[in-house]
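As structure tokens, here come the structures.
Here chain A shows up in two complexes: once beside chain B, once beside chain C.
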Partner chain A sequence: MNIGIFSLSCCEGCSVEFLNMEEEILDILNHFGIENFRLVKEVNKLPVDVAFVEGVPANENEVAKLLEIRRNSEILVALGSCSATGGVLAPGAKPVGHYVDVDHCLYGCPFSRDELKEFLTSIIIDKAFGKKEYSVCMECSLLENGCLLEEGYLCMGPITVAGCNALCPSNGKPCLGCRGSYEDANLKSHAKILLDKGFSKDEIIDAFSLFSHRDLREVIEWLKRR
Partner chain B sequence: MDTFVKIAKSKLKDFLQHIMENYTLYAPVKKKISRFERIEDPSQICLLPNRTEISLKPIFLPPKESLFRWKKVEDGYIIEDCLNGKEKKVIFGAKGCDVASLKILDLYMMEVSDPYYASRRKDTIIIGITCEYPRESCFCTAFGGMIPDEYDLWLTDIGDYYFVDIGSERGKELVSMELFERASPEDEERKREKIERAEQEIRKMAKIELEEYQDMEDKFEDKIWEELGDICLSCGRCNLICPTCHCFDVRDITNLDGSAGERIRVWDSCHLFEFAKTSAENFRRDRRARVRYRIYDKFVFSVKRYKLYACVGCGRCIDSCHAGIDIRDVLRRLIR
Partner chain C sequence: MVEKKIEIKEITKIEGHANLTIEIEDDRVKRVAFGIHEGLRHFETLIIGKRYHYLPELTSRICGICNVAHQIASIRAVEDALGIEVSEQVKDLRKLMLISSHIQSHILHLYFLALPDYIGVESAIELARKDIKLVKKAFKLKEACNYMTALIGGRAVHPCTILPGGFSKRITKGMIDKYLKKMREIYPFLLESAELFLSLDYPPYERESEYVALRDGRGIPLYEGKIATMHAVFDAHEYGEHIKERAVDYSTAKRSLIDGRDFMVGALARININGKLREDARELANRFGIRFPSNRVAWINPAQALENVHYAMEAMEIAENLKEYEPEKIEVPRTDGEGVAAIEAPRGLLIHHYVIEKGKCRYANIITPTAMNAENIERSLEGYVSKIADEDDGFIRKEAEKVIRAYDPCVSCSVHVMRIGKMSTFL
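And now, the complex of A and B:
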């Protein structure tokens, strides 16, 4: 099977993260050939079996490029938060799913290596792979970290989709919500709780605006009206 | 059984040292959060005035644990069981709520004889200690008070001494050492007063008395569930922090092609959207139904199954809830 890693407009941090997987990459190459990866290859080809797309299309050329990738791939994966939800580029830029059908999303800024491996395994052994429907808060509690929200930090853990193994809170930094929220997340209640904890409306709007994908925009509007 | 003994506070360290020669000792330690840890040196122990932030549960049912590992070889698979060797444990310094929770956890985990839990739990000696003063969230008096039914030794601070109640044959063996002295009836009186005072304190704050097995089943459609469902974040913290919640998820962590890996179990939470999701349907899609389920599982289903409430009143879920859901308020409304 062969894969391609494609970059649209973004910081290309996910491509770099892919190359950072020094421990895993040789094993990945045992199972997948890399047909297309502009950052490391001179000759790049289509079609591919699995296309990983990072970033968002910022102009017509990039939309055309995305459509071509979609036509020439069996499975298209939105790699990283920009591609999956719009990430830091939202709401100005639309996620890849706005233009083409996306088979899977790997959230995070950058994506989580463990989740990428989980996804690759799912392809090799034909196992189900899906979005987690619970929060970073749950992963953080499993690690018995103690709670940054209780300590007075503005943490987005309770509404952010799990899968990073609570990387930031485990290192003493509150969750910024880079992975986006999950379907079941109680966004409004979290905003109310933050207000009750004494954060200002502006602070909360800022926090919700950093990775302001569609679902969060609603809460931002609701907060502004209050 | 002669149950009137005491130990001078100055001799406690010698007693613990003696325990450590024969057993693995677990006791409260205060780092960033307070919890029970394996003790290498008695000076690590921090006897807190009330319960630790983390309960005894992780000692017997860790948040994540390996069940078995596998590896593909030429003619099949090698499977290695991760069942741990037996460790002779002494838990020292546990409070009443946490000791009471073990009895409940035992019922759930031993009913199907979970070997991983059982091997950790079996023959564990419990040396509990009376709370000095309760936390604001404490309400153990709703479930029988500060002193649990089952323990090996129970210590109560009575000044220069700890009064020691003996609850089992194993406990009796432990106090046969010279470190222990005969206690006087005055000592026992002092102990009794101390416990009564602390329990009075809790009753005053908790303002909740549950009659034996109160019927709450008719509250299934109460509007309280809608209210709680609106504010609950479904983060699962109340489940994970609860000393009696015991649900877990089983996952496979594999290498890239699945030829080697391990099967683990991880604590799960009935507040999560996927908890009741099956191939056919999701029984509790609504947050309201999930909030209700947790309360019913502790106060209705457990009564049907085991004739007890699966709550010990430690109040950890109250302290950990971001949305400020207070299980005492919920109960007060349900038994109204």
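And now, the complex of A and C:
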């Protein structure tokens, strides 16, 4: 099995995070060959079995490149929030899934290394890999962090898909929603709770548009109309 | 008339997407174009209208490698605009983050991007098959740096603890000690790695150039200082009078000139401007016969390796004297103002400039190191290729790539801007 790490327009933080797996990369190399990784390789080949794509296409050239990657890969994984949801670039850009079929998404800005390991393991042992169906709040309460929302901060944890082990709240900062929302998240009810807590409409729209602009478009529109 | 054209459609082992065209006529260089063809990401427009405390989070996403530098430049510009006080302790903690992420960026560049050129392998992955020990060492150094950045920042890529005036979490004595212990642990390897990168055989090309870096008169500052060239020193707030940006039609990224000249920023510029390497680094430079100021472009590599030693020493000194940090409520004196911050990112000077009104960003200008270096890269290529124009294409190509990689260009950084007009030369 071989893999490729491809980069469209983005900060390349996900490529860097991939390299940050450090010695685990050497383990990965025992199971997979890395055939394509422009950041560190001069000789880059297609096809690959698993293509990890970070970033979004920002011009026709990159759209063509994405289509080529799709044609030449068995499994295509959207690596990181830019690719999976548009991430911070969402107001001006469309996620990879808008152009091609995406088999799996690894959310987060950058993606979570634990989740990537989970994913690679699922491939090696041929097991299903799916999106988590619960919120960052779940992880946050398990860690027994004090709740920042209750302390008066605008936290996106209640509607954001788990998988980062509530990284930001565990570091004293409210969740920005970088992983996007989970399947059954009640987006409107979260907006209402925030309004009840005294946050202004404007502040909420600001927070909702940071990372998950596309997912939250409807609620943002609904807030604007109120 | 003999004409030849050397084209590299996609330069590998740099951050982001760039291409190179060299046209040679009768062994004379007619044209060199270092073009960036990555899509633009409109960051300045993305952050307009956003609340000030989101600016560091958003601008962090300009670059996955020097995001700590972007975050700290951003928060400093916000603090400057809104008159927020910053304690010496907070500055020291920020310096520790800057240093560990700085060293990690240099390690990534030196071992994974530059080294393959000098030992004739295609990549560090190929190198791992030949010399697993060396690659493991590089990974260990990177891992250690990421660990240190994450101790303070929560994580290494896009840290999540930086706030106006401080940090969102308590930074205990235990964490600071862990940082110190780790830095002491890797220090011998940083010395060893400097020996390796000081002994490689670099392209000899030299070109007289303008250099620009922060200066504070005491050391080689990363966090704050005045902006210095070889001829002038000015306050960061006056950057607009000296640094002018321009567009070229074969590149999506802006480029800058200082007082009308192309210039170099980064490790070599920092040492050229400031001298003042700490003892161990100075001793190494002497031992390998490397003297500064130097116009030898490829010495950016050894300059980075020496910086690793220099800044590691600085970090240990800071950490030894640092007390536990307790988050406190920060006073924000005003909601309107204009702020500028100039800091040193791993690849060189970085400027963030905002106008904030009613707590929201109304104007933003960000000038990145690679935008500043782009013109200098091209001039150096022109100069060097002119000297080797009669060699065969393969050699010219290899040497040109070495020069480009020495600058450690970060294309992701340089295409954050909006520009009206043609998107890409390939369209």
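In the analysis below, the second predicted complex is superposed on the first by the 223 of 226 C-alpha atoms of A that agree within 3 Å, B and C clash if a C-alpha of one lies under 4 Å from a C-alpha of the other, contacts with A are read in each partner's own complex, and residues count from 1 in each chain.
By our rule, a contact is a pair of C-beta atoms (placed from the backbone, for glycine too) under 8 Å apart; a residue touches a chain by one contact, two chains touch by 3 or more.
Worth saying up front: this structure is predicted, and the values here are computed from it rather than measured.
**Q** Answer with clash or fit: chain B and chain C placed together on chain A by superposition.
**A** fit
**Q** How wide is the angle at the Cα centre of chain A, looking out to the Cα centres of chain B and chain C, in steps of 10 degrees?
**A** Once the structures are overlaid on A, chain A sees chain B and chain C at 120 degrees.
**Q** If you count the residues of chain A that each partner touches, which comes out higher, chain B or chain C?
**A** C
**Q** On the A-aligned overlay, A:N20 touches which partner chain: chain B = first, chain C = second, or both, or neither?
**A** Once the two structures are laid over each other on A, A:N20 reaches chain C alone.
**Q** Can A:S141 be said to touch chain B (first), chain C (second), both, or neither?
**A** first
**Q** Using the superposition on chain A described above, determine whether A:C168 touches chain B (first), chain C (second), both, or neither.
**A** second
**Q** Would you sort A:S200 into first (chain B), second (chain C), both or neither based on which partner it touches?
**A** Neither: A:S200 stays clear of chain B and chain C.
**Q** Just to be sure I read the superposition right, which of the two partners does A:H190 touch: chain B = first, chain C = second, or both, or neither?
**A** A:H190 contacts chain B only, not chain C.
**Q** Just to be sure I read the superposition right, which of the two partners does A:S9 touch: chain B = first, chain C = second, or both, or neither?
**A** second
**Q** By the touch definition at the top of the document, which applies to A:C109: first (chain B), second (chain C), both, or neither?
**A** The second partner, chain C, only.
**Q** Can you give the closest approach of chain B to chain C, taken over C-alpha atoms and in whole Å, for the superposition?
**A** Between chain B and chain C, the minimum C-alpha distance equals 12 Å.
**Q** Can you list the chain B residues touching chain A in their complex?
**A** 32-33, 35, 54, 58, 63-64, 230-237, 240-241, 254-258, 266-267, 269, 272-274, 287, 320, 322-324
**Q** Quick one: in the complex, what on chain A touches chain B?
**A** Per the stated touch rule, the residues are 24, 27-28, 30-31, 117, 120-121, 124-125, 127, 133-135, 137-138, 141-144, 146-147, 149, 157-159, 182-186, 189-190, 192-193, 196.
**Q** Using the touch definition from the top, list the residues of chain C that touch chain A in their complex.
**A** It comes out as residues 10, 12-13, 15-17, 37-42, 45-46, 49-51, 54, 57-58, 60-65, 67, 108, 112-113, 116, 122-125, 128, 132, 135-136, 139-140, 142-143, 146, 154-158, 160-161, 163, 167-170, 327, 412, 415, 423-424, 426-427.
**Q** Once bound in the complex, which stretches of chain A touch chain C?
**A** These residues of chain A touch chain C: 7-17, 19-20, 22-23, 25-26, 29, 34, 37-44, 56-62, 87-89, 91-93, 109-110, 167-168, 170-173, 176, 203, 206, 210.
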